[in-house]
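What follows is a pair of complexes built around chain A, which joins chain B in one and chain C in the other.
And now, the complex of A and B:
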């Protein structure tokens, strides 16, 4: 039977993921600088943002330019519930995910009738509306300043770190498993040729819509966690900047692989922080690096690396 | 024999142009029907109507006793009517095996587990002559193999009626000679088949009945022999004054 080769690639990928998880688990034990631990918490959250973007966009080929809608939806839902009704964080995180999933359903239904740039523009526009609403209903949302005084999810930094890691491992693990399952394969067929997938008996509309909802749920969970981590929610969680950042991280890492975007999230978050030393040149270096990556590694870091490794193995086997 | 497909007065307009006009025909279980006609005659449009990719402006398509007009393409596939495309539509970045596994995972393909789907897909790839190429990405397969892959993908949905849109297009004679018996075998196995084909000589060897479309209308329906003597068919292909069909 065929498929053995693919399985061995998956196995080595999984080993890589476990090593990454082990390194991340050790962070608070060896790094005493609070700022770095906070930074990696942020990278953990970004990892969920990009993984949830990739399962929709990288797998089905529908490029969502408004992912911040889900992140911000979850962040605001959790923050408002906690701020006004004192709902505990472990509940608001799930409600935040649920609200974002409903956003996925509401926005996905009309948007999925569109194709290519029209779809991208519609998702872009859909995310702009709630961003404006935060300012219109400033008495409730705190306007441009946002709301301060959201409860922390855990009182200590180490606790907060491990909670973020657990959440990331769970969310990314589930998304990864979904991507590697039969359903993930079907999603890829939609990306490759939607008409071909329909002719194979696949209800492409249903698959795309469910993926929209799933993508929304995980982004919402991460957004809700973000509110409790920052003890604050503001309109930056709904901004186009965030939507674009998610796309950049995914493309640099390698879209359609789940592991690629996650890798992109960690690398770019850390890289951006390292550039603080050259504050005045920061944006220039960051942008130039991303552009160079897109030119020289257009497939993304992870696919390029795995291709390189598999060619190396082939050469060894051959010679 | 039992009627599997009955098309009644099927009509499709694109703007003011009738791409298919009042086309009616009946296909019986196990029958193999050829459809010919010059470019722009409405052959592929007819397939797109039958498979739900286009909605007709009028007429009925009765498949196994049920009018399937207005149903979504995947619903029609899952009722047992599958197709291939004139210009192949493989999933380029997926392997040959995965291309077929997708169809096996469809409701009619009826495989739930990956292992079962892979085994079924592998058997189908072998049966269409693609054994040994299941791990290659579709983008790396030559055109002839992609035509076979399309066929395997359609067969994986366990169709009762198979619509083949120019299966020989772009193939060399050797490839046609190896694909033709495969289609013959599918017919013998009990599949009802409709084939659109421009390569008339090869088509006529394969089918016992041919329908001719011209400017969206059915102008003839009969045995290959009858058609080659039909003046309207000869004129549709060769223009007025055309006398013989033998060398087309």
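And now, the complex of A and C:
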């Protein structure tokens, strides 16, 4: 039952998160392979994408098919500022987040009235607008190739790694705390029964709009970080493929749990690398996995596993 | 005057294809409440199968089209039975399953046929001159003709036969239809097969003009969204009207400015309609 979690899982979940953070912060000390460190930087950024998606979609039950709008909005805002006005990265990252938050407000307002498939269609369409515009205004945005030569967040690889980890820990931590707070519970109540939530005196419109803005902000920050990490911004940050990848990661991890989608992001990024040799089979396996997951394990890997483990403990205590 | 006639002809062809695709999409949504994002993937499969049967295996034309249409219909029924029905309890699981299926088929086509375009030779090779000024491939006109015939047949099927009555009944109220002894599962399967076959025929006839490409499913998906949202989900008359509006708008804008803006217009129409009139032009008032 959602909303009736066991208290003891909370603490073991927190311990698990701390252990994961400790392992992640030790990565550049022990792994000397540059490619793997770069890969984990990417996974860190993806973790923020999916966490910010999950706080909006997993918690309020509305599936956003255009999360790339926020990511790409942040990425392009940061890249354009840095490229044309030489704004330093630590400023552009926040401006990128701010721009994406404004996108969240703009797209959130009409979407509030919509439900189910209509909401999905509207977000899908909204993300297609800036994607088309990057091509129309190619003199400014670099068109399909994008812009190269954006300044790096930090010159050394280890520095960049720790910055990405800081970003992930901060953003995901805040989102996680938000999801576990009373506000998160209110969002879940909107998902379960919006009219019931309204009847309990909750201003559901305001909550949903704020969630849109928060989701946009964090995705935008991560998108801005991404363009400073890759030293490049291109329309792939706005593409429907990115939006779908975010959904796939969340579905595999377990929607509505924040930690689940984050695990999904790390799992799939690593999985992605393992499947590099079978490039053309990769998406085939991904999509087939999602379909099978939705049919057989609709909760996602992490909730299914943690439920299994807690049941195991219960049996031990009982017997 | 020339431009006017050209817009008239090309707009009609464009609208007819959109109507054919949107009709199937709208039918499944109206009857079974499934938003099938894999709908245009079936259209892509139709194009590839006609390429396989007609251009590779050199079967005769009618046979090739029949085979590809029927196999797409069977594939769609299988997808419904094994992938969509198990997740129908939640609307967004259906969305995710169908979009995953669309991507899955895109990759499957890349796997089998490779990423480059496959050209299908025209069913009719010649070029025609209409009204003395408009030059157009006979293939496009053939597509227009077939689409119009199919839409009329579909209309007759839905409003003039027993099964059509059952379809309408289930669309109105599934449980009441069940009490009247209508097998709603069979109605769903029929509707899915029909809509998939319409998409496949559309794909088969468009293949000689546009070629068969793995990404060919995504641009029309945006357009049929626009058509269905504009016309009102679940309204067949509205869909035809909206297909004409969107098809002509797109052709006019492509002629006047550039084809890029044609795409953006579809998207803007979706956003504006969803904001101000979510039930569409002719749709019944709905709770969205």
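By definition in this document, the second predicted complex is superposed on the first by the 295 of 319 C-alpha atoms of A that agree within 3 Å, B and C clash if a C-alpha of one lies under 4 Å from a C-alpha of the other, contacts with A are read in each partner's own complex, and residues count from 1 in each chain.
By definition in this document, a residue touches a chain if its C-beta (ideal position, glycine included) is under 8 Å from a C-beta of that chain, and two chains touch if they have at least 3 such contacts.
Values in this document were obtained by computation on a predicted structure and should not be read as measured data.
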item	value
First (chain B), second (chain C), both or neither touched by A:35	neither
Residues of chain A touched, compared between chain B and chain C (which is higher)	C
Which superposed partner A:195 touches (first chain B, second chain C, both, neither)	first
First, second, both or neither for A:204, with chain B first and chain C second	first
Which superposed partner A:129 touches (first chain B, second chain C, both, neither)	second
Touching partner for A:185 - first (chain B), second (chain C), both, neither	first
Chain B versus chain C as contact partner of A:22, first or second or both or neither	neither
Common interface positions of chain A, toward chain B and toward chain C	none
Chain A-facing residues of chain B, complex	51, 53, 72-75, 77-78, 82-83, 85, 89-95, 97-99, 101-103, 105-109, 114, 117-119, 122, 134-135, 153-154, 156-157
Chain A residues touching chain C - in the complex, by the definition given at the top	61, 63, 65, 110-111, 113-118, 120-122, 124-126, 128-129, 132-133, 135-136, 240, 244, 247-248, 251, 280-281, 283-284, 286-288, 290-291, 294-295, 298
Chain A - residues contacting chain B, complex	1-3, 5-6, 181-182, 185-186, 188-189, 192-193, 195-205
Residues of chain C defined as touching chain A within the complex	29, 35, 83, 86-87, 90-93, 95-97, 99-101, 103-104, 106-108, 110-111, 218, 222, 225-226, 229, 233, 260-261, 263-264, 267-268, 270-271, 274-275, 278, 287-288
